[in-house]
Each structure stands twice: as structure tokens, then as C-alpha cells.
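The two complexes that follow have subunit A in common; it is paired with subunit B in the first and with subunit C in the second.
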Partner chain A sequence: MKIGRRSFLSFVIGGAAGTAITPLPWKLMDDSSIWSQNWPWTPVPPDGEYSQSNSVCTLCPGGCGITVRKVDDRVVKIEGMKGHPVNDGGLCLMGLSGLQLLYGPTRVKTPLKRVGKRGEGKWEKISWDEAISEVAKKLADIRSNGGSHTVGSIVDSENGTVPNLFKRFLTTYGSPNFMTMPSIQDSYAMTLQVMQGVSAQVGFDAENADFILSFGSGIIDGWGSPVRMFKANSAWKANGKKVVQIEPRLSNTAAKSDKWIPINPGTEAALALGLANIIISNSLDSKKISQSTGFDSFKKLVQNEYGTDKVSKITGINSATIVSLAKNFARASKPLAICGKGQGSIPGSLNEFMAVHALNALVGNINKEGGVWAVTDTEYINWPKPEMDSIAENGMQKERIDGAGSEYPHTKSLLNRLAEVINSGDGSLEALFVSGANPLYSMPGSKAIKNAFDNIPFIVSFSSYMDETASNADLILPNHVYLERYEDVTTPAGLSKPIVGLTRPVVKPQFNTKHVGDVVMLIAKALGGGMADAFSWESYEACLKETLGVKWDILVEKGFEFNGDKCVLEGDFNFYPDAMKSLSDFSPVSIEGSAISYPLLLIPYDTIRLANGYIGDPPFAIKTVEDTVLKGKNSCVEINPKTGKELGLTEGRYASLLTPRGKAKVKVHLYEGIMPGIVALPRGLGHTAYDNYLAGKGCNFNELIGSTEDPVSGFDEAWGIRARLTKV
Partner chain B sequence: MKEEGKHKKAKKYGMVINLDECTGCGACMVACMAENNVPFKEDESNKLDSIAWMRVYKLTNGKPYPEAEICYLPRPCMHCEGEHGHAPCVSVCPATATDYNHETGIVSQIYTRCFGCRYCMVACPYHARYFNWWDPVWPEESTKYLSPNVSPRMRGVVEKCSFCFHRYQLAMDKAYLEGRTVLEEDEYQTSCAQACPAGAITFGDLNNPEHKVHQLAKPDNKHGGRPGNPNVFRLLERLGTNPKVYYMSSREWVRQAGDNYINNEDLAKNYRH
Partner chain C sequence: MSTQDDKAKEVSADGAAGPIILFFILGLAASLVFGWIIFPKLLYSQKKQPIDFNHVLHVEAVEEGCESCHFFREDGSFSGIPKLEQCVDCHEEPQGEDPNEIKFVEDYVANGREVPWLVYARQPDCVFFSHAAHVKKGEMDCGTCHGHIGESEHSRVYEENRITGYSRDIWGKNISGLKKHTWERMKMDDCAECHTTKEIKTDVETLPWPINWLPRPYEKQTGNQARVKTVKEACFVCHK
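Showing the complex of A and B:
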């Protein structure tokens, strides 16, 4: 048969039509998809023996009790611990997703030594012995060259045994540069220092208050001990207690409050003093308090400088609202004023803290039920004072690199100043240890911090995760995560009843990691001499057991113990400390940038669904983030529709956000809950490290802002920066 | 024991969510994901294909600054009863992959029966059902935290909230072993209700006058479970789906947001007559 063009075409077309009509290909496709559906790549979780154990969550300073559910040696669920005084069964979404940190792809699985350029991500796996001897060798060199004071450490807080081991290490080594991550706890501690003359932490008897006046504190956005605040908030609702939220944006806290009062950002102190004026003028103040030191000067200050009309002009809140707020606050039987914005990771303006604290004193709720308490834990760390050799003595005489304790006398640590000091060449560090903190991401002005870190020749990270700081380090000595280790947990932020908890291993270490406490001791032992003597414990666990003494057994049994009662510290209240004098001529919290080239004001906002400290959002948590906060690879900014109209920006449009410090591409979300002229950006996005579930999503607020020093305290006070938003 | 159970009054597990107390923190969403082996992808910002058995919606009152208000609304599966168990999804499923359990009032989802036609997703007025467009992928070690109580789903099937039915089964097993046939109120709680840090979710048997859910919602079983408490409402009440998730709010606009109304509708006449 001859195959012509015609017959060839009819063969092809006929064949195609025939194939299409027969069910065979469709049937095969269907069968193969059903067949491949059952391929073993869908895991079948093995069953086994069920058990439970209790511990404490340390993902934030909240200190919630947790109960983990296990199947054989696998932990399958973390739940809130029933009966725990902080959270009684409830747990936040970070705590609930903790297993994704334990078994997650972001863990550092073995000690790593950098082989490429910094931040390039090229690592060599090394053994623990090599890692420790490398650090010890470096430190010995620095010390013998007389540079012991150029070694520093950054840890998450100053409380508990692990931070104190670092402190002891630096002391015996000869460096005063023990630095901690800043928070509102610092500002509150300083406020208690200057106004009450006590060295204590602040505690709030929030559950018993009946009128809560919050100056921008994210009561249900992660402020204080988050789950405890959630519970307090529900109790207020159930019992008809009032909450007033003052901030320029309708946050979740504002939305759940009884009244939301928008305020011009940075003028909170003026409002507090304006309220004080009305309270004093109407004789609504607690009579006992008027005998206090400086009351007359304070009275003169508020009456002369903080008249209602003037305050109304400064804050943008109308006079009638201010007057009724003052009266309602003072007439409540247990009023409580709190401050520290968002989750409280930026210390803020000391003026604001003092003004708010004065307001509390005015209504007589210092160290009272439902009021503000000065809390001190019963000290259980009573280690013998270490022997210090001459190098150590000399080193400890040197001034701290961040100027804490010298330039700013009441401070212990001013990490916010470190970058500036190093970048301007006023000081330098030869080696830096970072543990339980991620300053490269979470400090405002993170670009400057990065530059400063580039000038530190030797950085050691103790992080369990490949975070920004770890990925820019020279050596990573990974710690166990909290579910694999013992550690004491001191009183959670803002609790008025001191408590100590014990985190303990609920599962054996999953990777080749070591407890940071053990590593510090091993390095000290490798350095030998007096340093080895100062760390004579056999292991961290032995040290912790010895330190806790009789508490150990109770903690192992119960997981927590009250550590002393509320501490009544009857210091005389000083209404008008020297630090307050600058308030005689009010100026709002300073904001970087000129209003002409940057017509808008950019403020950050916190939500409980986004972690913005050492821990980054695990996959479950980032999954809950709304698409009006994060969409694809872009953060969304909130602007008022009025602002949007002026700028020609509509919902979902891409825009370029420019500040004096940086630039980012963002998506626009029009939101009626924000003051016109303000742009709000969520914190907790824009990670460059961790895993693919978190990295590369959105922009980091801390890259768009710099650090602004509070002139009185030296702490970072900035809660915003001038900005411009343009179409792209 | 089975015979004994037959004469018992059927249970009707349901939820009352207090929207005044709900803070929109998202703990319920994560508690659910962690309990039920819910998968996750690198990008979850497309909420149409982001599987969340429990999803928290943000409602706004539509008023301009500064009168704007927001309210969060957690949305699990409503476990609709319809009339005599004719839930919208159950009636359309050609594979009997989703069924109404008359003993507990829980609407099931049987993954191995489901062949992915997604009729139920179309029928569900609450968007409570999700389709697995891809096979789930857990990063290397992450399969270690998977719970053996809930089977991970494969590509091509629909999944949804089960009111943590496996917890009911475990609680019942335990009760039987102890020679009981009746569960205490706190013996069976969903993962979200247990985790909620605000205590906004109450779970229990709506038919049991001693359970808190019954006392809060005061369901009128003669009229399709309609709530007797004036602050309590259900989503899309007027569709007649007879859902078992009740919401409580002291704010009028929030209660109104639970249903659709035509302009100038006389609510007093048409609603709750």
C-alpha cells in the first residue's frame, strides 16, 4: 500500500480521535493517580506507649507550664499544664508549635566552624573537643595580650543560672562586658530605682485590678507573660472590669478594650501628666501620697505645664475625653496604669514610664492589691565569690564598652549603644559570645549592628537554630533546645508573685548538641588556672542541683515553686526625681527624619502570631498569619484609606517604603483602624536565616529604623521613624 | 454495653465560642494543626489552599476611623445537623466519605473513602473543608512529632475539623475500661478548647443540661437548635443548616455579621420570630 499525504493525515487524525474516544488513557491516568496516592511518602506515624511529662516553656519570658505527650521516645504534642500558676492549661501558639523547633529543619545539629566568608553559609562540621579548644585558644591569646576586657557576651536576660555562668566567666576572665537583650523590664527597673529607691523588678497584680489604663501595652499581643495576660483579660471581661487602650492603631488589645483612644505617637507622657493634673486638681488623689517627697514640685509641674487644653493639643485627644478618663481612672477602686509598647521589647522613653508610675502612685496603688509591685526574687544563686587574678582584676576595672554604669549610671547594660560605639571607632571587641539572643535580627538598627559585628574578629554563637546571628558567626556551639535540657526559669515578666520554674529534658538530645552551661564550664576548664577553679562543678546539672539546693526536689516533682511572697518594699515614693526635670518643657519622644522629605510616620506593631525575639516563627505559627499582614514574599503595611487616597494607593497595591535608614517593597492594606498619616508595619517578618518556611518573607522593621537614645536613661526609646510611601 | 447505649439519649457535641473573650491569638489554629497532623507548605499566604481546620476570621464593623471596631471569629467545622442529620456536605457526598454520627452529632470525614470530587466543599457554606492539592511534605526529622491518633492525609482528599473525634474514642475506651458508659464533661475536650489561653471556647454536650455549652447557648431543639440566649447566634442561621457551633457576643454588629440581610430588612419580623 502506498502511503500518501492524504492517507497519512487520515491515519494520524483518526488515531488521535480514536485514542481520545477510548477511555483507556483517562482510565490509566485515573488509576495511576489513585495508585500513586498510596505510595509510602505519606507517613504512617508509629504507635507505641503513651506517657506525659511536665516542664516549663522558655520560648519567651512568659514561663508557662507545659505538659508534653509522648509516644515511646517521640514527643507528639505540647499542651499547657493544668494548675500551673502562670497559664493553668492555656498555651499560646508559639508554645504549641514548639515541636517544630525541636524536630525542625532549622536546628544546628553539630558544632560548626565557618569556612567561607561570614554569612556565606559554608560550614565545616567539627567535634566538640575541637570547638572548645579553638575557643579556649583564642581567649587565651586575647587574655595574654592584655585584651581581656575586649571580650563580651550577649545573653537574653540577667536572671537565672545560665546568664550568671556567663557573667562569672567574664568576671574571672577579666571583662565587664556582660550585655543583655533590652526590654521594658529595664525601664521599669530604672523607674523603681529613681522613684522608689529600690532595686527590683516590676510586678502587676493585673487579675485584681478593676480599671486598666494601658499606654500602648499589647496586653493581648504578647506583653508581659502572654498567657497570663490573656487570662487576666478574660477575667476582666467576665467581671465587668474596664480596660482603656491608648495608642494610634486599633491593635487587638485596643479592639478588645472597652475604649480605644488614639493618641499622637510619642506623647503618652504628656497624657499621663495631664491626667495627673486633673486628678490632683479635683482632689481625687490618694491623700496619703501627698506627703511623699517631691509631691509639691510634681503638683506644680503638672498644674503649670500640663493643663488639659495644652495636653489635648499635644496628644490630639479632645479635652472632654481626657477629663472623663482621669475621673474614671481615679474613681475606680483598684485602678492600674501600665506602659511599655507592644510586646515590650523596646525599653522606651523613661519620661513616659515615670509619668505613668506617678499616676499609679497618685491613686495609691503601689504595692497594693490590684496595683504595681516592686518584686524581688529570693536569691538562690549564692555561689562562692571567684578568685580573681591580676588580669581579671585589671579587666574588671575597665569601663564597659556600652557605657552602662558610667555614662548612664543607673544602667547595667546598654546593648543599643554597642553598634554606635564600635562603628564610630570609640571602642572595639575582639571576641563576642551570643547565647539565647539574636541581636542581628531583633535589635532596632539591625544594619548598624551588622556593620559592628563585621568589626568583631571572633563571634561565637550558642544558638540551637540557624538564626541571623548564628549564620554570621565564626563558630556555632549549638545548645540543646528547651525540651532537651535542664534550666531554671526565674519569675516571668510582670508577675507580682515571685516564682521559680524548672525546664527539664522531656526527650533525649536529638542531635550532637551540648548544654550551653556545660560548654561555658568546659571552656573555663580549658583555660585553666583561676578560671577552672571558679567552675569546679562537674557539670551544669550538678551546678544547678547544688544551686537550687532543697528546691531541686520540689521543682522536679512539681515544676515550679513560689519563691518568696510579694515583696513589700516600703521605699519613700519620690514624685519628682531629678530624671523628671526634663518634663518641665514637654517634647515628644524624638523621631528620626524630617517631616518634609518623609511626610508619614512609620510605627511597628506586634501580634502574638509573630515572634520577634530570639525565636523565629515556626511553620505552624507563620501559617496563621493573615494575608493582610504577609502576602507571598511581601509584608503588608497598614494605612488609613484617607492616607491611601492622598497617595493614590489602593488595597493590595505594591509600594515602596522609604525611611532615613532603609527601604522595602511592601503591599498596601487599607485599614480604618489606624490614624491618618501613620504607616504600621508588623514586626517579626523579614528573616534572612532559619528555614524556608520563614526566611525571605516580608521585611524586617528593625532594618528600617535606627536606635534613638533616651537622653535620661540611655535606653532605646524609638517607637517610630519618619517614612515615605510611594507607588511602584 | 452496646444495648445499654442504645437507650441513652443521643449526645450532641457542640461548641460555644465567646467572641468577647476571643483575642484572635491563633492558639486554637495551631493547637488544631499540632493535634491533627495538619501539613504545611513553604508559602501559606494564599488562604484558599492553606489548610486550617480551625481558621480565625477578622471581622470589621465597616465604620471609618476612629469608630472602627474589629472582632475575631474562630471557625471550625460547624458539624451541621440540618434536619435529622442531613448536613449540606453529607447529603452531597457520593462516596459516603462524610457521614453524620447520630450518637455524637459529629460529622466525620473518612479519607480513604474520599475520592476528591469536592462536592462537599461546594456544598459547605462555611468554607470549613480543604482539599489536599499536593502530597504533604514534612521536613526530614519533623515526621517524629506526628501523632499516631490521626492519619496524615494523602493528595486528592478533602479534610476538615473532626471535633478531635479521636479524643472522644480514647476517652470512651478509657471509660469502658473503667466500667462506665458516660463521659464527664472534661474527659472529652477538643484540642482548641483545651489550648485557648483566653478560655473563650467551651465544648461539651449540647443535649446535657449540666454541660456548660447547654447553659450558655440554651439550644431549642424543637426549632432546629436555635439559641435561647439573646447574645448567642450561629453562622448563617437562616440557611437551616442547624450548626453545632454557637457564638456569643455582646456587640450587636458582630451578631448581625453572622448572617446575610437584605437592605432595610425588618429583622424583628423575619428573624427569631
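Showing the complex of A and C:
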């Protein structure tokens, strides 16, 4: 038998035929298709037990209730809590992206001590014991050298137990320098103080208003409690209520309003008073209110100084528009005027707030349905007054470094003045604590703040994230993030019903972090003496439980509690407080820079897609920013095509933006929705810290602007700065 | 010129027919042996469970049968293989002398480490399967899909498909894909056996007759209606 080529082929054919009647080809085909769906780099989340926990989001002052979905011990989704009085199931982009702040790369995982130069990014990992004893030693040295008043702290707000622990710490230590991050809440509180004589927070019954007159407030751009405002805005649309937006730029809020009225920036107070004049002259004001203190003087002021033609000239809005706006506003059954530009991170001009508040009073909507309310915060913090030793007593007698309470008697905190005081050598700080705030990025004039911080020898950051302030600190004592800790949340910005909410841990701390409240107590205990006695609680959790008392159980079960109507403060309305006297001769809000060298006006704008406070945009959020806001690595400036033509700038061109404070390379976006002569730049970009998803994208508006003091309150009123835009 | 070539062809054709057929048969036989016997042996690797588990012993000790350990959570989701937390209720200390038991307590319970059980019925991640819909609503027995696992005294060898990483139980023990019982295979076609044939399952109550204005017989729906037979475009009910 001869075995040849044919035999071999025959064997192969036989094999092929045989294979076809075995399961091999069919099984392999099936298996390879399954294999191709299960490549190891395809992420497959492990399955487990599903559970949900309710908590409160603290990423902004909005105070939304959240429901966190977990699989075993892993958080997989954050949703708005149904039935919560603030957001009832809704949630914003930042809230949804909160997971990336928990698991993302930007977290500080353990206490860190700086080893290189400041801001160089060289750190040494240290233990909590070392970290706390280091801080305590430093503070003890400063105190024994008689410098207790040169220690300061910057926290996000003055409400709640954590800020109050800092305040108590400084008080018993002997320093009055408890500073808070500024916002429009400060201006509103002062307005209520001078016009109604009440110490309260402002609340808006926005849902029940039927004509909303907004002086540049970003109703759907993150103003107030953002999700609540989205919902209110949607309800206005659905029920045919009117929204009029007054601002120089066609923002998202303006675009969604019933009427957008562009105005010369900085002249909003004049418009409000002009409207008041028309309302009074046409007897459209609430009759009851005309009995109020100072009404006659106010009437005289607006009639003499704010005639429609004059206001038209100041604001650039034509007279007929002003008249019809005043009449429509006054004739609405529940009109509401609001102010505070954009997201409300700059306190603004007190004159503007008072003028707008007077407008509300004229139509009789103070403490009325659909109106403006003066609400006290839930006063549940009733700690015993701490024992103070002589050093503490002496320290507390010293003037604050920022001049609040002395130069500006009615103001509690003026962080905007800190940089100038330190840089001019008028005052100094030996140590600074920063918690829940990122002033090196988010304060206007951030370059000056950076210089001032360079002159503070010891900076401790309590940040959970490697933000700009943390990366320039000497020690970082990382706090748990909001999904890992307990904390009380006081009434959200602008809510007319006072509530208290409870943030609580939904997962175990992921890293070697500690609650900032516990750390403050541990430092106080390490310092010993009266300070240790003032913080006799076992832990922050014990302190919070004791502080909340009977509320604790309700909060644990429900997540929030109303504080009833008892918190509404009535007060005699004063139409013409002393603070208003400067309005007898109107001048627009002052702007830095000369109009000759800087022919344009640079204004900031906010969008809900960009966070510009303590929290930077998480990776998911930054991806949603349009390419007319951020293109590649450059921020886009908006200018009117007319301005573009004059400057020879076309769409997409690179340009150099120069202000008296700084310089940035930007891209030009021609936009019909902005008044000629104005340049608008988004806030929330240009981070240098956090992670690679955020750092190095765009430019920081706060580096291009400085702070301008309001003559009455001392708050920062700078809404813009002179600027020049040139081709590159 | 060509006569010689033709002759040669004839000769070779006559002489080679035998070997050609023989080699065809040899090839056929070899491939059959390979495809049916050797291939399955190569395809699956044999793995032992970390702990040899005795279902019989446990079923006797518990009160509610399968559901004592494999229960539905409050939200309706199915717990699957018990977590250590449940085992610890009884196995805080070794129960008896069995080496498996001692290993379990020492290696896992003492260290608080979950047992890495190999799951015979694990489906790919893209398959969405609700136990509640089948067991609660459809009133199916566990055994319909999982067989007599509750009667096993030892853990079977876990045969893992080297290509897909899933258990042999999905395709079935029989490499041809044929099965005798419903629990012997867990591929899509096996799901389809019910999902292409069974119509609607509705809890109904027959109303007393006569109700004048209604045609007979009249049935009132008492429970929710569930469609078993999947309709067109229903792929995404199971494939997420």
C-alpha cells in the first residue's frame, strides 16, 4: 500500500467530515463569543446585597437630601431623596458625581507633612498622633509668646457644629480671627439687619411667587439651593408665572426667562430705585407699607434722584421698558425681587441689596406667601459658655485682623480684606487653619491671597482633597468626605422654611482620615487646661448627638427636620436706614482699572456645570462643559461680534486677556448674547491642583480680579474689572 | 504522445482507492474520538470547592429548607450563596471533628474572610436574571434549574471552561448540548423553553354566576398579570 499525497488529503477530508459531526466547532464558536464578551479589561462590577441610605449632600450650601445606593459596602449611585423638602428627588450634576469625590484620585489619604518648599508637592506621610502633637506644640508656642490672637481659621460658613467648634476653639485659645467664606448670604443678612433690625437669614418663598424679577441671579445656574431653584423655575414655566432677568449677558437663566433686559453692569441699584419711583408715583405700592419708618425720606430720594429718564441713562435700558417693568411687577399678585449675581459667591454691593429689598417691601411681600422671609437659623447649639483663662480673655479683646467688627462694625467676617492687611504689613498671622474652603482658588484676588499665605508661617489644611490651599499648606489633616461622616446641615441658602438636616456616613472611611470635629477636639485636649475642659465630649459624634438632643433620633430616621414657623422674625421696616444715604448721589459699583488703558469690562459668569467653591469639578462634571466655555486647555471669553470686529478678533482666535491684576491666554467666542464692550469669562476653571482631570484646564477668573470693598459693609462688591483683549 | 500518461493515471487510480477510503475512515474516526472524548477533557479544568459542603446535613438542621440560607432580601433581591455572616450564626466554633469544618472555622470564620465559593450557576454579567420573578411570581421550584443540589453530601468538582471561565453546568455535562432534565443545562435556549411557549399567567377568581349583563364565564383578575412568553424586541429584558 502506497501512502501518498492523496492518502493524506483523504485523511484530512475524513477528519474534517468527522469534526463537523462532533460538538467541537459549535462549542468553540459559542465559547469564543462568550470569551470575547468577558475580556479581563471589561469592567464587571461585583454583585452583592443592595441597600439604600439617606443622607444630605454638602457639596454646596444647597442642602439637598440624597439617597445613596450601595452594593455591599460599595457606593454605586447617588440619587435625590424623594420627599425631601429641598429637592424632592432631584439632584444636580455635582451631586450625581459625588462618587468620584469619594473614590477619585484627588483625595488626601493620610495626614501629610510638607518636606519640600511650599507648593512643591513633596510630602511625608505622618501618623495622626504626630500630626496632632505637631499642631498642638506649634499652637502652645505661639500662645506662650503672647501671640494667641495671631491664629486664625477659615471655614465655609458660620452655621453648624463644625464651624462652631472652630469658633469655640479660637475663643478658648484667645483669638477673634474666626473667618468664613463670603457669599450673598452675608449681604442679605446685613440688609435684614439694617432695614428690619433683625439678625436673620434670608428666605424666599420662590415656589409661590408669580412674578420673579431677578437682578442677575443665576436661578438655573446654581444660585441659592440649586435643585430647589430648578424645580421652582420649572413650576413657574408650567404655571405661566413670569420671570424677568436683568443682566448684561444672556445667561442660561436669561435665555429661559420670559424677558431678558440687558443692563449696564453695576447699575442694578439705580434700576431698583427707578422702579420704586414709578411704583410710588403711580400709587402701586402697598398702602400699609407707606406707614413704615423712613418711607417719606425714601420717597423723596427716589423721586428726586431716580427719575425714569435719569435711570434710563444710567442703566442703558429704555424708559418705556422700565415703566412697563415697574407696573407689571407691582400689579402681579405675588411679585418677588431677588439679587446676588450668578451663583452668589460674591457678597456684592449693599446698596443694590437694600434697593432690591426696598422694592420687595414696597409691594408688601416681606414675610408673606411668595415673598421674602427673615428666618432665624435653627438655634440648637447651646453649649455651655467655656471657661476662659487670662490669655484667652486678652486675646479676644484684640481687634480682628480683617477689621470686621471694628472698621466695619456690623460685619462678622471680612475674608476679602485679609490679603491686603497681611500684604501691606498692617497685620500678620502666625498660624492659619483652613477647613471646608479653598480660598487660594476661590477668593477674588487669588494671587494676593497666595502672597499673603506665603507670609503666614504655619498653615494647616483639613481638606479631604488635594486642592490649591491644601497643596500650599504645611500640614494636611484630611477630613472624611461627606459620604463618610456625620455632620449637621443648617437651613440651605434661601430656603424660607428653616430645617436642619443630617449628613451621615454611608460607607466606612476609605482612607486614614479623621473627622475634622474630632481633630479640633484632639488638638484642644493636647493643649490641655481650660481648652481641654471646653471640649469635654468624647468624640464629635457624641458632641453632635448631645447638641441635637431629641432631634437626633428624628434626623437619623428621616434625615431632616422642620423647625416650624416660630423662626420667622418680624421687625419694623426701615425704608431709609443710614446705610442708604450714599444713594442720594448714585455712582455705579466701583471697578478697578482705568478705562483708557483697559477699554473693556471683564465680568465673570457661572454655569451649573462648573463648581467654583471648595469643591472642584469632578471628572464627570468637567466632561459636560461645552466647547464654547472650555476649548482644549483654554477658557473661552465671550465678546459681542461688534467688539470682535473692532478688535479684529474672530471666532476661535487666541487672544491675550489683560487686567490690572493679571493676564491669561484665552480663546475668543463671538456671542450675540453679550453687550458690546464687555468680556465674559466662566468661573470654576483654571485649577492648578486636584487631579489631572481638572488641573490645567482654562484660566482662573479670580486671578484676574481683585477685591473692591463696599463702602458700607466692607464686603467684596467687585462684579468685574477693566480689561484689554489683544490678538496673540 | 499522451498514451503513457493515461496509462499511469489508470494504474494509480485503481491501486490507490483502498488507501484513500481507509485514510478517510481513519481521519473520520480520529476526529470523532478527538471531538467527542478528548476535546471536552481539554476544554474543562477540574477545580475543587474551597470547602466540601454537605447540603443534606444542613437541610436537616434548618427549618425552612433552601430558603433558610438562600433567601430573598427585604427588597426582593436574592441573596444567592450565603455570606460568612450567616454561617457564623452556627459556626462561630467548629461543629464536630470534620477536617473541612475545622478548616472553615480556622481559615475563614476566624479571619472574617469570605469563602471564595465557585458558583456552578453563575451566568455572564450581561445576563439579568431575577429569582423573585421566577420563584415568587412564577412559583418555580429551585430544583427546576438547580437540580437535586439540596440532596448532595459532597461538593461536586467544579469544571471550569478554560475559554470562557464559566462553569460546565451552563452548557451541560453532555458535550453535545442535549439534556434529559430541565436542570442539566442553563443556556439561553433553556430559558426559551418556557419563554417561547408559555402564555400569560394570571391569578383569577371566577365570579358567581349569574351576573346578568356579563357573558359567561366571567373571571376577575385578582393578581398582577405576568407575561411569560417573550415578545419581539424583548431582548433587553434579560440582556442588560
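A few points about this structure:
Note that in this section the second predicted complex is superposed on the first by the 684 of 728 C-alpha atoms of A that agree within 3 Å, B and C clash if a C-alpha of one lies under 4 Å from a C-alpha of the other, contacts with A are read in each partner's own complex, and residues count from 1 in each chain.
Operating definition for what follows: a contact is a pair of C-beta atoms (placed from the backbone, for glycine too) under 8 Å apart; a residue touches a chain by one contact, two chains touch by 3 or more.
Keep in mind it's a predicted model, so treat the numbers as computed, not measured.
In the superposed model, A:Asn145 makes contact with neither subunit B nor subunit C. Once the two complexes are overlaid on the shared chain, A:Ser536 sits clear of subunit B and of subunit C alike.
By the touch criterion stated above, A:Ser587 is placed in contact with neither subunit B nor subunit C. When the shared chain is aligned, subunit B comes close enough to touch A:Ala255, but subunit C does not. By the document's definition of touching, of the two partners only subunit C reaches A:Glu49; subunit B does not.
When the two structures are aligned on the shared chain, A:Gln37 is found in touch with subunit B and with subunit C. Residue contacts after overlaying the shared chain place A:Asn451 against neither subunit B nor subunit C.
When both complexes are overlaid on chain A, the residue A:Arg6 reaches subunit C alone and has no touch with subunit B.
In the superposition on chain A, A:Ser406 makes contact with neither subunit B nor subunit C. Counting contacts by the rule stated earlier, residues 34, 37-38, 44, 47 of subunit A appear in both its interface with subunit B and its interface with subunit C. Here subunit A touches subunit C in the complex through residues 1-4, 6-8, 10-19, 21-24, 26-28, 30-32, 34-35, 37-38, 44, 47, 49-51, going by the rule given at the top.
Every residue of subunit A that touches subunit B in the complex is listed here, in rising order: 33-34, 37-38, 41-48, 71, 74-80, 87, 89-93, 96-97, 99-100, 102-105, 107, 220, 226-227, 230-231, 233-234, 237-238, 250, 252, 255-256, 260, 262, 510, 608-609, 619-628, 630-632, 640-642, 671-676, 691-693.
In the complex of the two chains, the subunit B residues touching subunit A come out as 20-21, 23-27, 29-31, 33-35, 37, 40, 42-47, 50, 52, 56, 58, 60, 62-66, 68-72, 115, 135-136, 138-148, 151-156, 194-200. Per the touch definition, subunit C reaches subunit A in the complex via residues 15-16, 18-32, 34-36, 39, 43, 73, 75, 77, 79-80, 83, 124-126, 161, 163-166, 171, 175-177.
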